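Okay, so chain A shows up in both of these, paired with chain B first and chain C after.
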Partner chain A sequence: MTEFQTIHPLGDVPPQSVESGDTSGITLNVRHEISMVQIFARNGREMELAKKLNIEGVPGRASETRSFTAFPLAPGQWMLVSKNAPGSGFGTGIAKKLKGIGYVSEQSDSRVCIRVSGSQARELLARGCRLDLHQSVASKGFCAQTPMAQVGVLLHQVNDGPTYDLYVYSGFARSFWEWLAHTAGQFGYSRGGRGH
Partner chain B sequence: MSGSNRLSKGGSRIDRTRPLRFRFDGRSFSGFAGDTLASALLANGVTLMGRSFKYHRPRGCLTAGSEEPNAIVEMRSGARREPNTRATIAELYDGLEATSQNRFPSLKFDIQSLNQLLSPFLTAGFYYKTFMWPASFWEPVYEKIIRRSAGLGRAATEPDPDTYEHANTHCDVLVVGAGPAGLAAALSAGRTGARVLLVEEQAAAGGMLSPDRDMIDGKRSADWVEQSQAELNALDNVTIMMRTTLFGYYDHNVLAALERVNDHVAEPPAHQPRQRLWTIRASEVVLACGSHERALTFDNNDKPGVMLSGAVRAFVERYGVTPGKRVVICTNNDDGYNTAEALINAGIEVALIADARTDLCIAAQSARETGIRVETGLLPQKALGGQNVSGLSLQRADGSFSEKVDCDCIAMSAGFSPDVHLVSQTGVAPVWRENVLGFVPDKPIRRERSAGAGQGTFDLAGCLAEGHAAGLDAVSSAGLKTGRAKAPPKAKAVEIAPPLAIWRCPGNGKAFVDFQNDVTARDIHLANQEGFSSVEHAKRYTTLGMATDQGKTSNVTGIALLATARGEPIPDVGTTRFRPPYSPVAIGAFAGHERGKEFQPVRRTAMHACGEKLGAVFVEAGQWLRPQYYPKSGEGVMEAIYRESKQVRETAGICDVSTLGKIEIFGDDSGEFLNRIYINGWKLLAPGKARYGLMLREDGYVFDDGTTSRLADDHYLMTTTTANAARVLAHMEHASQVLWPDLDVHFCSATEQWCGVAVAGPNARAILAKAFADAIDVSDEALPFMGVRTFEWSGTTARIFRISFSGELAFEVNVPWSAGEGMWNAIWEAGQDHGLIPYGTEALSVLRIEKGHVAGNELDGRTTAADMGLGKMMSTKKPFIGQKLAGREGMVAKDRAKLVGLKLTEDSGRLRGGAHLVIDKDNANAETSLGWVTSVCDSPAIGCWIGLAYLRGGLEEHDGKRLFAVNPIYDEAPAVEVVSPHFFDPQGERLKGPVR
Partner chain C sequence: MHRIDCPWCGTRDEAEFQYQGDATVVRPDPDASEEAFFRYVYLRENPKGWHTEWWHHVGGCRQWVKVVRNTLTHEIFATGRAQEDLPLPGTRAKPRRRTRPKQ
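== the complex of A and B ==
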C-alpha cells in the first residue's frame, strides 16, 4: 500500500537558477511550514476581535504579533499567517480565542507563499504588479491583494531589503511560478532552500 | 570611411572606431556603431530605399526619425523577420540584414511601378469607383486583386522566438522627450526630489539640438546634454528610459510606452526580452514631444534625394553623412538657414537657398554674407531626375521668374507642426496658431502641460525656459515642494522671422502630401469636390494620415489644402482625432508573456498528477485543467466515454471534482442568508445534512445550482458550478454588503483549500469503507443520503458528503489540497478489488444526462426554474433574490420551452447539441422551431443516443411524440421521441446502493 504523503503545489518544480551576472539578482524561496486562517469578526465585534488578537485593521498594513502576521482583507476580515506548520493547532487556537466574537476558516492549503528577495525584487514585481511599490510609498509591513500575471495575489513587504511574500492560490501556483521564474531570469535568480 | 558619402569628420552619434557590417537587399555594406540603417545606407551612397504604396514610385528617406513615411524595410529574416521597420530609427548592429519591400522583382526595377501609368484611374477613392461592377466579380476577382496589392512587407510565418514583457511604473512627473525642453523639465523637476521619469524615443538625447552650433549655458549643446544626463543619472529619484516611445495617453494619467530593449542587437541576450510594454501611472506629465517638419508640396517632391531640411542637417551633424554633394535648400522659414550653416560647416556645397518669403530675414542676410546664394520669393516647382534627384526647377509664385539648378539633394521645409498626437489622445482639440502655422495644444484636460516645440516654441532659449518652468509646475501641481529652484538653462535669444504659408507650390504634376499613402494635393482637392469635405471623411476617402507614420509630416498640409479647397480658414476645418498608438507597436509587445500556453494561467487540481499517471486527456474548464476521459490503449474518445459511464453504473468510478466552487459561510444569520439567496428553504436543514439549492439572478432567471451542507449551527459549506464559482461569490458579497449588511453572515472561498473526489457506483461504499477503514463509518445508517460528516484521517481533516450527481450510490470526499494525492491513492488502491475506474468530465456528463440533471448547458441564462422542471422548488413562504421578476408574465407563460428528454429513434446516426426540434423536417426554419437540444450522449444505460432539450409546450404537449432534431450545419435531421428527462432510474432506487 502506498504510504500516505502530503504534497505541496510547488513540490515538483525543478530547482533552477540563472546566473545573475553583474547584478545582485533575486532569490526565490517557497515558504513551507506555515499555517493560514482567514478570520471574520461577528457584526459589531470588529474592535473587540482586533484587540483580542492585538492586531490593527489599517488597510494596506500588516500587523505583526509574536505568533502570526495579520493581513487586513476587508473590514472585520484578516488573513493570519503563522510560522507554525499546518496541523500544529494554530487554527484551533485562534478559533478558541475568537469564540463568540468571530469565525475562523482554515486556509493553510489554499495558498502557497513565495518569498522574493534581493536588491532587484521590486523591479521584478513591477513586471506584474500594478501597485506602486516604491520605497517612498510602500515600506516594511505594506500588504495588498492585487492581480499579478492574471492571478490574484496577497502581497506583503516583509522588510526594506526589500523582501516580499506573495501568497498565491494553490491551483495557480505552478503557472504563477513559471511566470515569476521566467521573468526573474533577466535579473539572474537563485532558488533558495526551504524558506520559513 | 564607411562609404562614399561619409564625411571625414563630424557625426556626434557615431563611433568611428567601431565599424559594423550589414546587408541590404543582399549587398554587403559597412557602417559605424551609432548609425541608423538609413544613415549607413546614405553613407554608402544608397538613396533608393523603398517603393511607394500605390504607385510604386522610388523613394528614399524623407526624414531622419520615427515619422519616416518612405524608407520602410523588412528587418532580419526567418522567424525574426519584421516588416515595416523605419530605416531612420533602426539602429545598426553587426550583421544586420534588411530587405526592401513592396516591390517585384527588385527595388530598382519594380514591375508595379507601371501603376503610375494608371494613375489617372487610381485617384482618391478609386476602390469605391473602380470595383463596382459586375457584382459577381466582387469576391472572386476584385477582393483577391486588392488583397494581393494591399499591405506593405511580409510578416514572419514562423513563431516569434523572442519574448516580450509588460511592466509597470509610477512617478510624480513624467517627462516625454529628452530634447532641450524635456531635459530642462527633467532637471528642474528632478532637482526637487520628485520622482521623475524621462522617456526618450531615440537612443540619444538632445532632440533637434545641433551638437556644435547650439550653445547652452555657454557650452556646446552636446556637452550640455551629456552633463544634464549625467546629473539626472546621479539622482536616485530620476529614471531615464531611452529607446522608449510613449505611444498612448489614457484616462487618469495612465500612459503606455514601448521600450525597445533589444531591437538594436541581432538577438536579445539570454533571458532578456526583445521589447517591454510599460504602463506608467504619472501624477503629472510634461509633454516635450517636439515638432515634425513638413514637406513642401511641389511636383516630384518624393524623389530620392528630396528630404526634409532638418533631416539633411541631422544626417550631417549626427551621423557624419552627406545626403548629397550639391544641395538646394527650399524653405518658408528660418530653419532652412540652420541646415545651410551645418552643410557649409561640413564642407558641402549649398547651391541655393530658395526662401519662399519675399522679405530678407536676418538669417538670410547672414547667409548671404557667408557667400551663399539666397533667393527670396522663390519656390520649388519640380524635382528633376530619374531614380535620384538631379536638379530642381524653381519659379516665383506669380510665375515671373524660373530657373533650373543642378543638385543631387533638395532640403525642403514647409515649417514645423507641433507634435500634438499625445495631447490629442487626452481629448484636447488642438487649436490653430497662425504665427506658428500649426496646431498647438489647447487647455489641458488631464494633468499635463506642454513645453517647447510641442507647443509652437521654436527658439532654443524659449524651449529651455518653458521646459524648466513646466518641470517645476508639474512638481508643485503634484502637491510637492519645489524649494528654491536653480536658474533655467540659458541660450542666446534669437529673433525668428515668421514662416510663410505655402501649401502648394506652382505646378500641376504629382505633388505628394502624404508620402506613405501616395496622397497628392490633387487627391485632397478631389475628395472635397466629391463631397468628402469633412476632415474625417477626407482622411478616410484619401487615406491621408493613415498607416505607420500616422501623417506626422502630412496632416497639417493636408488640412490646409482641404481648407483651400473648401474656401475656408484652416481652424474651421480642424484636425482629425489622433488615437493610440503614436507609432506602430508590435502585437508581441501587447501580448507580452501571455501567448501560447501562457495565454492565461492554468489552474491545476491537487490530483492533477494522479490523472496524468492514469493517462487522462485533459480539457480546459475555464482556467482549470480537468481530466476529460481516460482512454485505454487503442480506444477512441467515444469508446472511452461509453466504457467509463457504463462501468460506473456496474462497479464504481472515481472522478476529480475539486474544481467545483466551494464557499464557507459563517454566522448566526447564515440560514436566513441562504434562504434569501436560494429559491428553496434552508432554515430547517439540520447540521450534518446537505441540500440541493438553486439560485436566481435578480432578473428571475436561473443563475447557479449546487449543494450546500450545514457543518455546524453557524457554519455552512456551499458548492457552486465550476464556471460560476467567482460570480456566485461576488453575488453573495453584493447581497451581504449592499442588500443586507445587518445579517451576521461572513464567507470566503474554500475552493483551493479543499480538493475533492466523487466516488460513484454500486461498489462505492465498499471502496470507501476500505480506504478510510476506522476513520469513518460510511454505512447507510451512519451516513444516510444527503448526510455530511467531518472526520480525521491520516492526520488530516476530511469531509464526506453522501450526494450523487450520477444517480448511483455516491459520495464526495474533500480533504485539504496537500492531502489530495494521498486520498486519491488510498481510494484507488482500495478500489482495485472492486472494479474502480477513473472517469472524466465526459462520463460525468453522460451519467447526469441519463438522470436528467441540469448542468451548464441547461443553465444558459435564459431559463427559469420552471423551465427546468424545478418550479415547485420556488418557496412561496419567504422572499428570495429573483422572486419578483421571476413572476413576470413572460417568465411564467405557458408556451415557454420546458426541459424534456429525447431518444433517437433511428438505428444509425446520432444526436447533436444545438439542433432544433421541428415537426416537419422539410419545413424547418426559425418559425417552425419548437425548441433546441442542449445536451446529448450515447447512453449505455438506455442503449441509444439520448438528449436533453428545451421544447415549447414541454412534455405536457409532446410526450411520446416524434419530432426531428434538425442540424443544418451537419445537414442532419434524425427522428427523436420526446420522453421524460429522467431516463434512468426515475425513482432513485440506485442511490441506496445494492441490496445487501
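== the complex of A and C ==
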C-alpha cells in the first residue's frame, strides 16, 4: 500500500546563517515547523472575535500575541501564524476559542514561509514588490498581501533590520523561490545545495 | 497605469486589480421579461467620461471596490466599498443608475 509522504516544496533548500548573509547583504531561509490557520468572523462578530483573541483588525498592521502573530487579510479575516509545529493542535485550539463567532481553516501545508533578511533585503524585494517598503513608510509589524513575480504573497516585516517573512502558496513556492534566489544573485547571494 | 485607493488596503497598483465591469447595472425583478434579462446580462453602455465601475482587488484583500473613473482621462475621482453610493464629479447627486428596461 502506498504510504503518504509529506514533501515540503522547498525541503531541499539548505539553511543559511545570518552571518554568511551579512557578507552578501542577503540571507534567505525557509521557515519550517510553523502552524498557520486562516480565521473568518461570522457576520457582525468581527469585533467580538478580535477581542476574544486579543488581536486588532487594522489593515497593514500585524498583531503579536504570546502564542501567534495575526495578519489582517480583509474585513473579518486574519491569518494566524504560530511557532508551534503543525500537528501541535494550534488550529483546533483556535477553533475551540472561536466556536460560534468564527471559522477556522488550516493552512499549515498550503503556504510556505521564506525569511528574507540582511542589509540589502529591502532592495531585493523592491525588484518585484509594488509596495513602498521604505523605512519612512513601512516599519516593524507592517504586513500586506500583494503579488510579487506573478505570485500572491503575504508580506510581513519582522523587524527593522530589515527582516521580512514572505508567505507564498505552496504550489507556487518553487517558482517564487527560483525568482527570489535568481534576483538575489545581483546582491551577491549565491545558491548552494541540492536542487539549486 | 492607475493607482486605485482600496478602502481596506490603501492605494495600490492597478496590476493588483481586475476590472469587473459596469457597477450601475441593476438586476431586473425575477418576473421581468426575457428582454429585460437579455439587456441586463449582455448590453452595456460605453460612456465617454465618468463611469462607475467594479474593480476586484484580487491581488490584495479580494474585496470588490467601486471606482468612479473617467474613461477619457483615466482619472479616478472616488473609490468605495461595494455598498457605498459614490457621487459623480460636479454633482451632489448619486451616480446615475441605469433605469430598468421596459418590461
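FYI, the second predicted complex is superposed on the first by the 171 of 196 C-alpha atoms of A that agree within 3 Å, B and C clash if a C-alpha of one lies under 4 Å from a C-alpha of the other, contacts with A are read in each partner's own complex, and residues count from 1 in each chain.
Heads up, the rule we're going with is that contacts are C-beta pairs under 8 Å (C-beta built on N, C-alpha and C of every residue); 3 or more make two chains touch, one makes a residue touch a chain.
Just so it is clear, the structure is predicted and the values come from calculations on it, not from any experiment.
By the touch criterion stated above, A:130 is placed in contact with chain B and with chain C alike.
Of the two partner chains, chain C is the only one touched by A:145; chain B is not.
Contact with chain B, but none with chain C, is seen for A:103 once the two complexes are overlaid on the shared chain. Put simply, more of the residues of chain A are touched by B, taking chain B and chain C as the two choices. When the two structures are aligned on the shared chain, A:58 is found in touch with neither chain B nor chain C.
Of the two partner chains placed by superposition, A:47 touches none, neither chain B nor chain C. Across the superposed pair, chain B and chain C both touch chain A at residues 130-131. Contact residues on chain B toward chain A in their complex (touch as defined above): 163, 165-170, 195, 270-273, 279, 281, 593-594, 598, 600-606, 609, 623-624, 664, 666-668, 714-715, 742-744, 746, 748-754, 794-797, 816-822, 825-826, 829.
The touching residues of chain A, counted against chain C in their complex, run 59-60, 73-75, 130-131, 144-147, 152.
Within the complex, the chain C residues that touch chain A are 8-10, 12-13, 15-16, 59-63. Taken in their complex, chain A has these residues touching chain B: 1-2, 4-9, 12, 18, 38, 40, 42-43, 76-77, 86-87, 103, 105-111, 126-132, 134, 136-137, 149-151, 169-172, 174-176, 178-179, 182-183, 185-186, 188.
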